[in-house]
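As written, the chains take the letters A, B, C and D, and residue 1 is the first residue of each chain.
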Amino acid sequence: MIIICEAKATEAQIGELERTIRGAGLDIHRSDGEEYTILGVIGDRNRLDMGTVTLMPGVREVVLVTSPYKLASREFHPDDTVVRVGETCLVGGMEVAVMAGPCAVEGEEQIEACARAAAAGGAQILRGGAYKPRSSPYSYQGLGLEGLKMMRRAADRYGLAVVTEVMTIELIDTVAQYADLLQVGARNMQNYPLLTALGKAGKPVFLKRGMSATIQEWLMSAEYILSEGNPDVILCERGIRTFETATRNTLDLSAIPVIKHLSHLPIIADPSHGVGTRRFVAPMARAAVAAGADGIMVEIHPNPDKAMSDGPQSLTLEEFGLLMNRCRIIATTIGRRLGKTR
Amino acid sequence: MIIICEAKATEAQIGELERTIRGAGLDIHRSDGEEYTILGVIGDRNRLDMGTVTLMPGVREVVLVTSPYKLASREFHPDDTVVRVGETCLVGGMEVAVMAGPCAVEGEEQIEACARAAAAGGAQILRGGAYKPRSSPYSYQGLGLEGLKMMRRAADRYGLAVVTEVMTIELIDTVAQYADLLQVGARNMQNYPLLTALGKAGKPVFLKRGMSATIQEWLMSAEYILSEGNPDVILCERGIRTFETATRNTLDLSAIPVIKHLSHLPIIADPSHGVGTRRFVAPMARAAVAAGADGIMVEIHPNPDKAMSDGPQSLTLEEFGLLMNRCRIIATTIGRRLGKTR
Amino acid sequence: MIIICEAKATEAQIGELERTIRGAGLDIHRSDGEEYTILGVIGDRNRLDMGTVTLMPGVREVVLVTSPYKLASREFHPDDTVVRVGETCLVGGMEVAVMAGPCAVEGEEQIEACARAAAAGGAQILRGGAYKPRSSPYSYQGLGLEGLKMMRRAADRYGLAVVTEVMTIELIDTVAQYADLLQVGARNMQNYPLLTALGKAGKPVFLKRGMSATIQEWLMSAEYILSEGNPDVILCERGIRTFETATRNTLDLSAIPVIKHLSHLPIIADPSHGVGTRRFVAPMARAAVAAGADGIMVEIHPNPDKAMSDGPQSLTLEEFGLLMNRCRIIATTIGRRLGKTR
Amino acid sequence: MIIICEAKATEAQIGELERTIRGAGLDIHRSDGEEYTILGVIGDRNRLDMGTVTLMPGVREVVLVTSPYKLASREFHPDDTVVRVGETCLVGGMEVAVMAGPCAVEGEEQIEACARAAAAGGAQILRGGAYKPRSSPYSYQGLGLEGLKMMRRAADRYGLAVVTEVMTIELIDTVAQYADLLQVGARNMQNYPLLTALGKAGKPVFLKRGMSATIQEWLMSAEYILSEGNPDVILCERGIRTFETATRNTLDLSAIPVIKHLSHLPIIADPSHGVGTRRFVAPMARAAVAAGADGIMVEIHPNPDKAMSDGPQSLTLEEFGLLMNRCRIIATTIGRRLGKTR
């Protein structure tokens, strides 16, 4: 932390500042410039509240020199983290992972068709909601445990791993029994008790970005999981909220290179939730791969018009196959390989 | 739900639409205009997914005629809801409620000083965090149960009710034992399992608006609580996220008249979190009262520069007293009475 | 400008930095701390591009210590600026100014009725559009010169000053002939050639905040006018763009105390454009006065349902009278006086 | 326009509505459903103000069935518009256009180096600012006419077309003498007098999206140009303003498929302004091509660290060459060809 004093700060004000800093057990490097005095604070930045110092008399500005997250930062961990999901899928290395499946598991037949198409297209991971967070209490809330079991069986038939959302601490054990990757939904990105519990769950975590979360806040949420001892966190950009109404959210693809720069954690893009309309999904999925995403998550459905949840943003199984072919070539362009080797 | 067909929609497409609607157990009123056909759907709108219909061939636009929330709407419940908090405080009637206290409970002495100043200023409710949601896992997380007990004791000494945040389902019973009003923080506004549980908690709920929640989503979250049988929900505007960085959030005071128009639930403003800087709190608190808020929540601290959490936005006890005097007159101007009668 | 070097910056990198700074004719105060070196740049900050320095090897962060605007800052000009509009109205002192009138001038009768009601309610300034910026080329674009003349005549009959928008450099002289206060619309806040020309216009300027302008950018635009020699700039908050759709914009009332803190220029609030719906205008106008605005601008219309432009947000003449009575008392509460003395 | 009446609308209210509609010279198709009456308005929608009707007693909701722009819509003009820029470059067909050059023209040597590198990388159009809109009146404002001439000479030596910004109506003729494509900057997207004048300029127009413009508003601004008789408008996405601060703006790549769906006009992406930091430009340029952009605009500089304007976001000439190679393959993947044939 660096404290820049006001030009007109008195020696008494600076003295009070120094006492406050030392009182928190920290050391000071003082530099008196021509126009202002600068105090460099030496020691653990968490011992002093930045906001409080900011408001003290004589203070012009406080600059944090270190990022508020540590374990999630690339400074701390220069090499890319590669997360193993299920037995064979590695996320974050040279492969671009593909997660595909329906928004919600609706029945044996539907999830079977999706798993088959996902595997045929080259996906390694089957997605699907069993417990659904819905903004209306009157909307379809998912099949629950039955859905989990159906998804596991379908995934196993096609050699796929499983990712699904876990909404409460009580459900972690149940979901972890059937899924290989535990998803935290956008609405729970700052549900700290849930993050803390997932830090001890023993399975990799798929952390969606909150609807209006800054990249820094997102990495802070990852830090909650990492600091409990779970190193396997995969981030997922799924669109942020802006004033634009032509798309459901604004998929922030620039988050991909930014995260790659600031952190070592893998980052996936979810264009289906990002745009919310089927016809815009494929271009954005291609764009995500071109931007360097470590994977894409795509909603597919054997019959999107009849889907019980988020049908309008699901690709048909044919559209998905075509998209995979194009993404595969784009991945090659930037020296990567997309999906399962066939 | 009203479905407006495309000008060039074929009779086959319209027929398929009609089959889908009837298949969901709904009825149709068809009107063939000069340029387009309109289908009015009659029956429970939750039986048909708007998104799915939107994507069907021949559909130009789908209009929802009823709001997605019902119990929270003023249409359903024309009279203002008045919520009793503790034994004597009524929120939502002609009185403007005042909730004051520190961001976090830090110790007996601090909460005692706050309670005394709160009561002296005319507040009816003592606020304070015992379990704190913090964006960093390394930040101060609150005194927990000890903090709850301290707050209850201090409140009782001055005849105040208590409001405090509950972050997980497991803590509801504990918190409800000491608090009169259970707060849902902005980050948990869409934590549906928590909302559902609070709908059965038997105590009034104080629902903060999510950082990027639309007013409609906010009312949908209230609907989760109401639909479980708890009619006592108080809404709290605490600032939304925008591009502006001069204030921590943008306090959306226009939400006050909008909520009054759409809903019967009381609405409170929290200028402290809204602006995040002490010097901007008082003007915004006055503005909230002038805009017709049913109450204000203000952070106060006997020594803001030493506060362990959010000190920079806390008023000193003297500033709070002065603010109350001004707000009292403003309330009178619009025919209301602020705070406790003295 | 303060340059904080990276912990691992080499002496060669720091040397290159020092050469660049000195090459721009600036001086350096160097301070070598335990963890990082800090370079304080002494001299005119406009001689060095912050962005360029930020990207140089070895640089961690660049902090600007002075604000990018000067003439608009309260540091430079500690006392409140009071702007004379027309012969008798002073904006920015202890009086709270009231500007009222229709969105667009539509005819003699309409503007006459508005002027009469404005004066009766205590307004000092008549507003009205003669040249209208419309987002559609097919919308009503205003009466032009005829409208200006009508507005001037009506204003004169009731002893009011006139404010109206000027959209192009070519029109400045014409508009200045009839108006006392030249309005820059939100869409033109960063039309720098127009601002520069208004800096030489010899009349006070009413600068609306751009739809997505930060407060800093807004003050920079004021700086364009001030730096050309025109000291008479009045700022106007009229709502910013956010994700919320229940109101047309989000009226950012916290901009009022923030501007009061950062600048000496008067600030007015325009709730009519801020919310866009008649029933929400009065509460927000009251709130603006309570928040400390130096004035309010309100749209009124003798028959809002028949207005040719923005009718839905205009108050009826009766509603306006009632609002003025309430605002007058609120102004008194905070030690000010609203509108014309009667 | 379709007017949905309230369930409790009286026959008198509906009668008054019908009179208002007929009074505006429009026809009505009335449909009385079980729950509400619907009035379909037949005729030119610009004759009736939507807002006014919305506020009339008995009205629940007004739905616009036609888009507010016409000439810019794909409905009106189903085939893609291909704009010829200079003698040989076609924008909007199967080729993906490349525009490259410095932020600002700084001198003969710099623009010569950029033009050479642009041509070598396969660009068809040289970009560069001669008249610069700067948020500070104290910042470098460009070389003006001298800069235009330098750019033209450099472009001619390498067979490139020229695009540059025009900020005022008075400068259109001058700029049009040297440039092949006239750029409207983001800050001027709603400068309607400028748009109208460009509609008669006889040269193609490059219309940047405003910082907080919705896609609909952007197309409305294009409509201003088209409706004056100039069919050659190219749109440019350059980032929108959001709460995220890690990038300068949020490049909204989903605008590409959305524009392709709603309009026939070509759309280009400008990742340099979108992200504002050199290291994030290349991934976003690749992503734009993958998303189906009709071209990309990239800032390059022979020595970005010494640039006078926006240096931090300019690619070096080597980085640009590498980027072109990758984008060329990505374009092929989706059946297109990037840049000049070599």
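To be clear about the criterion, contacts are C-beta pairs under 8 Å (C-beta built on N, C-alpha and C of every residue); 3 or more make two chains touch, one makes a residue touch a chain.
All values reported here derive from a predicted model rather than from experimental measurement.
Participant: Counting C-beta pairs in contact, which comes out ahead: B-D or C-D?
Facilitator: It is C-D, judged by the count of C-beta pairs in contact.
Participant: Counting contact pairs by residue number and requiring over half to coincide, which of A-C, A-D or A-B is equivalent to B-C?
Facilitator: So the equivalent interface, with over half the same contact pairs, is A-D.
Participant: For chain B and chain D, what's the span in angstrom between their mean Cα positions?
Facilitator: 39
Participant: From the mean C-alpha coordinate of chain A to that of chain D, what's the distance rounded to whole Å?
Facilitator: Going by mean C-alpha positions, chain A sits 31 Å from chain D.
Participant: Taking each chain's centre as the mean position of its Cα atoms, how many Å separate chain C from chain D?
Facilitator: Centre separation, chain C to chain D: 27 Å.
Participant: Do you know which chain B residues sit against two or more other chains?
Facilitator: Correct list: 212, 241-243, 245.
Participant: Going by the contact rule set out above, which residues of chain B touch chain C in the complex?
Facilitator: For chain B paired with chain C, touching residues are 212, 214-216, 240, 242-247, 250-258, 261-262, 274-275, 279-280, 283-284, 286-292, 326, 329-330, 333-334.
Participant: Quick check: in the complex, which residue numbers of chain A touch chain B?
Facilitator: Within the complex, chain A contacts chain B at residues 20, 46, 49, 51-52, 54-56, 68-69, 133-139, 167-170, 187-188, 190-193, 196, 211-212, 217, 220-221, 223-224, 227, 241, 276-278, 304-313.
Participant: Under the definition above, what is the set of chain A residues touching chain C in their complex?
Facilitator: Residues in contact with chain C: 2, 4, 29, 31, 33-36, 38, 40, 42, 60-61, 63, 65, 212, 241-243, 245.
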